[in-house]
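Next up is a structure, given as structure tokens.
By written order: A, B, C and D. Residues from 1 in each chain.
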Amino acid sequence: MMEKIVFALITVMIIFLLPPLLDGISRKVKAKIQYRVGASIFQTYYDLQSLLNMEPILPTERLAFRIAPYIAFASALAAALLLPFGSFVPVAFTGDFFVFLYVLAMFSVAMMIAGFSVNNSYTNAGANREMMLILSIEPVLGVAIGVFALNAHSLSIGGIPLNITFTPSLILAYVLLAYAVYVEGGFIPFDIAEAETEILEGPLCEYSGRLLGMFKWAMLIKRLALLWLFVSFLVLPIMKNIIDITTFTGGLATLAVQLIVLFIIYSIIAIIEASNARLRIDQAIRQNTRVFLAGLVVLLIAALGW
Amino acid sequence: MSAKPKLRSVWVFHLNTGACNGCDIEILDILTPFYDAERLGVKLVGSPRHAHAMLVTGPLTRQCYYGAKKAIKAMPPKPRIIVVIGTCACSGGIFYNGYPIYRRSESGREGCEYPRRGGIIELIEDLRDEGEYVGPVIYIPGCPPRPEEILYGIAQLLGLVEKKLEGEHYTEEVGFELPEAPINERIRLTLREKLRHVVGYFDRDKILEDFMELVKKAEESEKPKEELKKLIDEYNAKIRDVRISFCMRLLENEYWRVRDALSAGKEFVYWV
Amino acid sequence: MPVTLRYPFTELEAPPEYRGLPHIDPKLCIGCGACVNACPPDAILRIDDYDRGTRKIVLDIGRCIRCARCEEVCPTGAIRLTNLFEAASPDRRDHIQVVELRLVRCKVCGNYTDFTERQVKKALQILPKEILEEEALEERVFICRNCRRKGTVDATINATKEVVL
Amino acid sequence: MKYLEELKAKFGERIEEIKQLAHNQWLITVDKDILHEVVVYFLKHPEWKETQLSTMVGTDERPLRGKFSVIYWLSVNGNSDDVYIGIKAYLPADDPRFKSVTPFHKGANWYEREVQDLLGIIPEGHPDPRRLVLPDDWPSCVYPLRKDFHYSDSPQGKKYYPYREPPQGTTVHPIGPYHVALDEPAHFRLYVKGEEIIDCDYRGFYSHRGIEKISESRLTYDQICFIAERICGICGFTHSTAYCQAVEAAGEIEVPERALYIRTIMLELERLHSHLLWMGVACHLTGFDTGFMHAWRLREYVMWLCERLTGNRKTYGINLVGGVRRDFLDYRKEMIEDVLKKLKSEFGKLVDDLTSTRTFIKRCEGVGVLPYKLAHEWSVDGPLGRGSGRDFDVRRDHPYAAYGDLDFKVPVYKEGDVLARALVRIEEIWESIWIIEQALDQLPGGDILAEYKEIPPYREVIGTTEAPRGENVHYVMTGPGNTVYRYRARAATYNNLPAVPDMLRGYTIADAPLIIASIDPCYSCTERVQIVDVESGKVRILKEEEFNKLSIKASRRV
């Protein structure tokens, strides 16, 4: 029981407090590439703190506008809670893999609600883009996880990484998953929905103060959840061969490795972000569609058992 | 310098009210590697709704007035900091009383008031009259201000540095000095004006001072003309700058010409 | 590697060529107003007060465009553009510099003239001795324009009378 | 000039006067009824391929001869000739109307709307006679550039602007006045279907600061140099140079050669930093911040250099009528050489980085195409024109400052997309470095500032420079005493911006900021200086005029 509480505490800490730090690190990495000192790695905490302390200004009376950030926050949180932290999966049940996809989509729906609830062509355009992007990338994510599920004969996110066997299709599935996670996370060149210089952060354009802070925080948590998924799929299958994950120390060690890999991946993403320009929505969708078709092929290969 | 910052995160929105672009580019410039305002927690955002502070540039044209007012009202009610960047925004700058520039009717358009009125303050006062809250205002004059100047202003806002400037008022009591140059004042002014056309206003004083030193030394000797020539040769060998040497030679010729003319009683009104 | 400057956490000096904040040396200023005429944005004002007998030269850094025309035209080198640049302040009054000088009181009518005592001193420095003595200028410079004109007119009238006679 | 004979033969009696103003400038005075015919004759002349409408000036000459006047300034470019032709017509004071050129040449659109706004001279047959320059709340029938209008008056009217009706089935997507992609306020209304842009309306002149009126009223010749420099905070020096050249030509002042070379070097340094700035902005707009940071890091070397050469990073303030104010001492020359060396080694790397960033190139290629024909119709200039195949550059075709002595290439691309414009600018940076090196080598001795006595009044002349954005044309009509009578500054963007709607059509809102930025717009340049109720009856106008006169008085409190 004690072990559970410790893991639960660590998990909560990771989900709530780690994302801003990761963002801070990412900003620092980008700054270094750009020959700058950059902000302190805790800058994102300061930003969130100041936003959350600020009284928002409401451009509309609609309830949807006010609750959208909370929906987004809740869905990001829910997504994160479905993932394995070491051996500990906060919320686990068979078929949670569908729930994961569902809550991620929920997040985007919250963005769309936010975008369409005000009469502003920037937020509308942003919501539009979010919708198009999500519609084109969710299938890729689904296919990627589907390949894993097929391979592991499991429909639970906690179960999949522990049961997979290495086949050629699995390696392709990792590539697919990496791509889907990257795009869904809204990293450059796929930060199309929140493009600052084009449509002024899209759906978030009209938000301010506390509500904006919630949204920003939720987005960071969502990124964490996506990356954590990838990291878990990467780390757990390897770790389970080295150490017994189900023990307390084994779980802690796995968690530590997960964290280290997460930091590394986040830094790599920062480097990719720093060396790319943003794509146009039609270019991104075309690319996603192509990847999706490739994904179907992979699914076929996996179904054949290779 | 080690003071703890009052604010750790300042998101700024950039509001141009008809500026010439100079200040606007300098604002972007503080984000670039050499200045990197992100260190101080500054982030440029695209929507006034996200902003803690408004960076205002420009003399506030009438066409911009409505948009600027809307933008400030769109900011969250607190803290609504206004950072006024550039001479135009501080007081209207060189454009201050042109016909398309907005001014409150109380401000007049051709008065002799000081501090000089104009710029964004006209809008802020209008907003305050309407009962809108507007937070602290900090003025950063300059045309355009250097990026360091803007950083300094922002650092002041964050409580990292203290202000250095204070209003000054002098009366006759400070005393009056009428410096005596080693050469006749009329000749000095003539040469000074001549130099303006040769090396420009900026370098002339230094060159003229050096020249007068040499003249002073030369005049003490028996044959001033030859002595001055020798001194200038030495000086030129030391300074190794074509332009300064050129000026020295020119000054030498001019000096004797003007001096001879003056002592011959010819009138010289070179300077005005 | 990062190239970022340490400023504002360290002191920093602008290059000597920089046209920074203008400053009037109150000991050198003669209040001639050459800078006022040259200044394109009217950042320098000349405010004469004939009741109190003062002339104020008011410089507003918040209006100054740092063109250095004032420095170029100043006959005494009193106004200069320093290489200081840290002018940010929450109070516009910090940007003001005032130099208040005494105007000459006319020896004849007792009113204040439109030039300062320092201007006269400077003029006397420039004018050659011979002219000063010849025209008895030492006396006449302390007389206001009106009285001087009146004096000239009177002299002319006297002269014509002499001719007529 | 051989074409004058041809012109005389064609229009005969109705040409009132032909006079030469400067070595390459002619002024042809014609009857107002054939004004548009003469202008179109030159613009469409088969032998002058790159002829373009350089500027157009309306003047209130009522105090002088009881008439208004308009001059169309055309420049003959390319390999054809080095000529500027002014075509002038006088209009009666009580009914200042002339036939619009816009139906025949789109490029005249803004010019004619501007004289209508500022002087009340009405171009008959103009297809879009909306307000252009004056604020939305400016009263109608008050014309600030007329001589009976005091420069600091600012009468208040009712706020109103007739935007175009959006086409069927589109929604309005406004860009600006405060959009992060636009450094300066300007208002584009995109009429979009989904993400695609169907049409576009533009309401600019948010930065109209009345520079011309201030110059004509409050300032002296030397002071105008500094306000001219503040027309634009990026390419200000070309403006003050163009102004100085105009006044120097009018006053027949011989500028010392050293001053010309110093001007040339400063102009090219300005081009360097302006183009680097543009590259940075283009990267920033596409979300490629690393490119932005590195371009601006390089630019900073140039800025520091300029600060040490002239005393300020941007507003150099070293131009005066007759020369320059600061000299290049030897150590300053060395500084320039050092910076050039640094630039040469690092700029190549930057270009490599940019061109190897696939996502960036993808965003630029084939976007915002402006074909040659349209480019000619809109009379666009500068890198925008050269990116669309217009082979013309003021530095080469009408040499000023020291450009006549120097050797350089003018890059021209035919594609007309954003990428072509970027490539033109990249090549121009290399050329600029080369020009500065030559000028430094050849820097002559002597004075830097000419002395002059007086500038004769009522002479008309133009000065032109090639700004980083294109052709700058400054028209000066000298006045009595130490003032100008009429000053008209035309910045490069003034010709380029009207072409933007044509470039936007068919692309998406994601491309819009990049396309707009690709012309390197400088709103403050353009707008230094759209509701005349044409349909309303005469009686009403009279009433309004009286009312507005009252409001003028009210607005002026001394």
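Basically, contacts are C-beta pairs under 8 Å (C-beta built on N, C-alpha and C of every residue); 3 or more make two chains touch, one makes a residue touch a chain.
Here the structure is a predicted model, which means the values were calculated and not measured.
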{"item": "Remotest chain, chain A as reference, centres from CA atoms", "value": "C"}
{"item": "Which of A-D and C-D has more C-beta contact pairs", "value": "A-D"}
{"item": "Interchain centroid distance [CA atoms averaged], chain C/chain D, Å", "value": "39"}
{"item": "Approximate Å spacing (C-alpha centroids) for the pair chain A, chain D", "value": "49"}
{"item": "Mean-CA-position distance for chain C and chain A (Å)", "value": "68"}
{"item": "Cα-centroid distance, chain B relative to chain D, in whole angstrom", "value": "27"}
{"item": "Per-residue overlap in chain B, given as positions that touch at least 2 other chains", "value": "32-34, 36, 39, 45-46, 93-94, 143, 146, 196, 201-202"}
{"item": "Junction residues of chain C - those touching two or more other chains", "value": "2-4, 14, 17-18, 40, 65-68, 72"}
{"item": "Touching two or more other chains - residues of chain D", "value": "179-180, 226-227, 230, 293-294, 297, 307, 311-312, 315, 325"}
{"item": "Graph class of chain-chain contacts, one of line, ring, star, complete, other", "value": "complete"}
{"item": "Contact footprint of chain B on chain C as seen in their complex", "value": "2-5, 7-10, 12, 14, 17-18, 21, 26-28, 40-43, 45, 47, 58, 60-68, 71-72, 75, 77, 85-102, 118, 121-122, 125-126, 128"}
{"item": "Complex contacts: residues of chain D adjacent to chain B", "value": "134-138, 144, 149, 151-154, 159, 177-180, 183-185, 205-211, 213-214, 218, 226-227, 230-234, 236, 277, 280-281, 292-294, 296-297, 300, 303, 307, 311-315, 318, 323-331, 445, 447-451, 522-525, 554-558"}
{"item": "Residues of chain A defined as touching chain B within the complex", "value": "27, 31, 34-40, 43, 46-47, 49-51, 54-57, 59, 196-197, 200-201, 204-209, 212"}
{"item": "Complex contacts: residues of chain C adjacent to chain D", "value": "3, 14-15, 17-19, 38, 40, 65-69, 72, 81"}
{"item": "Chain A partner contacts - residues on chain C that touch it in the complex", "value": "1-4"}
